[in-house]
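Okay, so chain A shows up in both of these, paired with chain B first and chain C after.
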Partner chain A sequence: MIEAGFFVVLLVGGYIFGRLAEKRHMKSIIKREAINNALPAIASRHPPTDQPYHQHLVGGSVVIGSDYFKSFMSGLINIFGGRVTPFETLLDRARREAMLRMKEEARRYNAAYVFNVKYETTRVATGKVAAMEVFAYGTAMIPGNRQLSSVISSA
Partner chain B sequence: MLITNLEFLPDRKIHKHLGLVQGSSVRAKHVGRDIMASLKNIFGGELRGYTELLHDSREEATERMLEQARGVGANAVLNIRYSTSSIAAGAAEIFVYGTAVELKDND
Partner chain C sequence: MHYENRQPPEGINVTKEHPLRQFVRLAIAATVLMVLVVGVLQFSGGWLAKRIPFSFEQRVMRGMEVDFSGEVDAPELTAYLNDLAQRLIKELPMEDGMDVIVHYNPDDTFNAFATVGGNLQFYRGLLVQMPNENALAMVMAHEISHVMHRDPVAGLGGGVASMLAMMMLTGNAGTGMAGDVLTRTGVLTSIQFTRRMEMAADNEALPAVYGLYGHVEGAGTLFELVAQEHGGSGDLAPVWLERFASTHPLDSDRVEAITARAAAQGWPVSGEMTPLPEEFFDWLEESAN
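The block that comes next holds the complex of A and B.
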């Protein structure tokens, strides 16, 4: 009886707080994307040659955990098969957040583009904890010529 | 040291290839963080402790790669790649590799 009560509390708590966290996060993502859309992230390996650039590696990462309700739902969906939407939204948030953090770093260098963008997704598992890490990285192309010697001395 | 995941740079030429350089780092979280994370896992949201841990780990791996690159006399590492694998509960390996080169400015 006590166990069942505990389970219901976790489930309801997970649902309410999980939804709140997700809503808050999506709001922040949409707001920041509007600002950062001016800086294109490009998956091409061929850097532009229209003007001189110097380069800097930039990256952003985030670990986002599932909540109790999501984990429970995915367990249910697993029985019948089909789309596991609770985890789809989780990964979508993680990927967009990682991309934003990468772009925010690139903007600090006044980059015009981020080239050769790669995503990396890893499960960070510890016992019952279900969490995903997404790491996005690429090369920030910063307009302006900088001699190699100054690049080396500043590193 | 210039590091990039591009394969070439339009305004610089590769004077010398110095081979593959790499760095890795395996880190685990301490128990306190694990407990916090499992609590957070009920309610969802970012697990900041883990984000930081993996970020630091990535920096360390990159620094190790750069040390190697300096050792072979490179001034740049091109086409770098990161890879992450969780090897055991609570421990993740970050691996980074790239080609060490000696670049020269085009004149």
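The block that comes next holds the complex of A and C.
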């Protein structure tokens, strides 16, 4: 009986706080994306050759955890199959946040572009806890003839 | 070359279905599935297991050489218990070829149970609380009725089948907490079957007690003792929930059922109590040392 009560509290709590956190995070992502869109992140491996660029590795990493409600839902979905929708939103946020962190680093170097952008994901928790790392990385293209070290140190 | 990132439209990676709606849909589907699977398997597994000849059960149990006695030799006590069982069998509509063997275990557990092959196990913890033979006869008749109804083997058959199904449904990687909750749903479903078995055994046992003693006084003693032993439920659960979530019928329900049955049949609810043999508690004492 008490156990059932705990379960319901965790489930409802997971849902309410998970939803609130997700909404807040999405709002922040959308706002920051509008700002960072000025810096293109390109998947191409062939950088522009119109002028000299310094190149510097930039990356943004996010470890995102599931809440009780999402984990419970994913368990139910695993029985019937289909889209694990609770994790779709979770990973969407993780990817976009990782990309933003990468761009924010590139912007600090006054990069014009980030090229050869890739994502890596890995599971960082085992057992019943679901947590994923999403890592976005690429080559920041920093225009100019100045020494790279002075560009980086002034950033 | 010109490079730019355009902002993709919002929500293309996200389902339109509200999570709560999806939750309700899946939870209902999973519960129905679990109840159906366990219900069907309990029923069919039990039905199939009952087709196994009783003699086969006995043979298997003999072959397994299970030690029921807990390594204690209490010949007089065991003989008395078996004698009581035989007297009760005469009052019960037991099929030919069926029989029971009563085993005594000196453990302090407050329990008695029937298992496959007509083997009954009585613990010292229960026997020591018996005020008279009438109370003991009710317990004994109840356990013999389980054997008659083939409940141990049906429980085993249905139980194994539904356990396997539950493991397959929820045991695979990924169901996690949802799997735990669903397993409980399955257990709750199977409990509904065992509780029915208990009620049926009570119903069968009461006429035997009446047949042996000419009245049914003392038949409810066991359940009063059980209630004491548990010290009341102490739980905050309402009665209907407690009833639904118990493997056995509630003690109060059982006493009530006995009284109602006796009244309906015109069986006297009071009469002379038959004492236990004088040496009964000495036997228990000796076996404990």
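The criterion applied here is as follows: the second predicted complex is superposed on the first by the 143 of 155 C-alpha atoms of A that agree within 3 Å, B and C clash if a C-alpha of one lies under 4 Å from a C-alpha of the other, contacts with A are read in each partner's own complex, and residues count from 1 in each chain.
Going forward, a contact is a pair of C-beta atoms (placed from the backbone, for glycine too) under 8 Å apart; a residue touches a chain by one contact, two chains touch by 3 or more.
Keep in mind it's a predicted model, so treat the numbers as computed, not measured.
Engineer: Superposed on chain A, are chain B and chain C clashing or fitting side by side?
Structural biologist: fit
Engineer: Quick one: is A:Ile35 in contact with chain B, with chain C, with both, or with neither? Answer first, second, both or neither.
Structural biologist: neither
Engineer: Would you check which partner chain A:Ala43 touches, where first means chain B only, second means chain C only, and both and neither mean what they say?
Structural biologist: In the superposition, A:Ala43 contacts neither chain B nor chain C.
Engineer: State whether A:Tyr68 touches chain B only (first), chain C only (second), both chains, or neither.
Structural biologist: Touch partners of A:Tyr68: chain B and chain C.
Engineer: Of chain B and chain C, which one touches more residues of chain A?
Structural biologist: Comparing chain B with chain C, the partner touching more chain A residues is B.
Engineer: Should A:Tyr137 be classified as contacting the first partner (chain B), the second (chain C), both, or neither?
Structural biologist: The first partner, chain B, only.
Engineer: Have a look at where A:Asp92 lands relative to chain B and chain C in the superposition and call it first, second, both or neither.
Structural biologist: second
Engineer: Quick one: classify A:Gly59 as touching chain B (first), chain C (second), both or neither.
Structural biologist: In the superposition, A:Gly59 touches chain B alone.
Engineer: Under the stated touch criterion, which partner chain does A:Phe7 make contact with: chain B (first), chain C (second), both, or neither?
Structural biologist: The second partner, chain C, only.
Engineer: Would you give the minimum C-alpha distance from chain B to chain C, in Å, for the three-chain superposition?
Structural biologist: Once the two complexes are overlaid, chain B and chain C approach no closer than 12 Å between C-alpha atoms.
Engineer: I'd like to check the shared interface: which positions of chain A are touched by both chain B and chain C across the two complexes?
Structural biologist: In the superposed arrangement, which is not itself an observed complex, chain A uses residues 48, 68, 71, 128 for both chain B and chain C.
Engineer: In their shared complex, at which residues does chain A touch chain C?
Structural biologist: Touch list, chain A to chain C: 1, 7, 15, 19, 30, 33-34, 37, 39-42, 48, 50, 68-69, 71-80, 83, 85-86, 88-89, 92, 113, 128.
Engineer: Considering only the defined contacts, which chain C positions touch chain A in the complex?
Structural biologist: Those residues of chain C that touch chain A are 1, 3-7, 10, 13-15, 17, 19-20, 22-23, 26-27, 29-30, 33, 169-170, 172, 174-179, 181-182, 235-237, 241.
Engineer: Which bits of chain B are touching chain A when the two form their complex?
Structural biologist: Chain B residues touching chain A: 1-12, 29, 34, 37-38, 40-48, 50-51, 54-55, 58, 75-76, 80-86, 89-90, 92, 103-105.
Engineer: Over in the complex, which chain A residues touch chain B? Could you list them?
Structural biologist: Checking each residue of chain A against chain B gives 10, 13-14, 17-18, 21-22, 25, 45, 47-49, 52-53, 55-57, 59, 61-68, 70-71, 97, 115-116, 118, 120, 122-131, 133, 135, 137-139, 145, 147-148, 151-152, 155.
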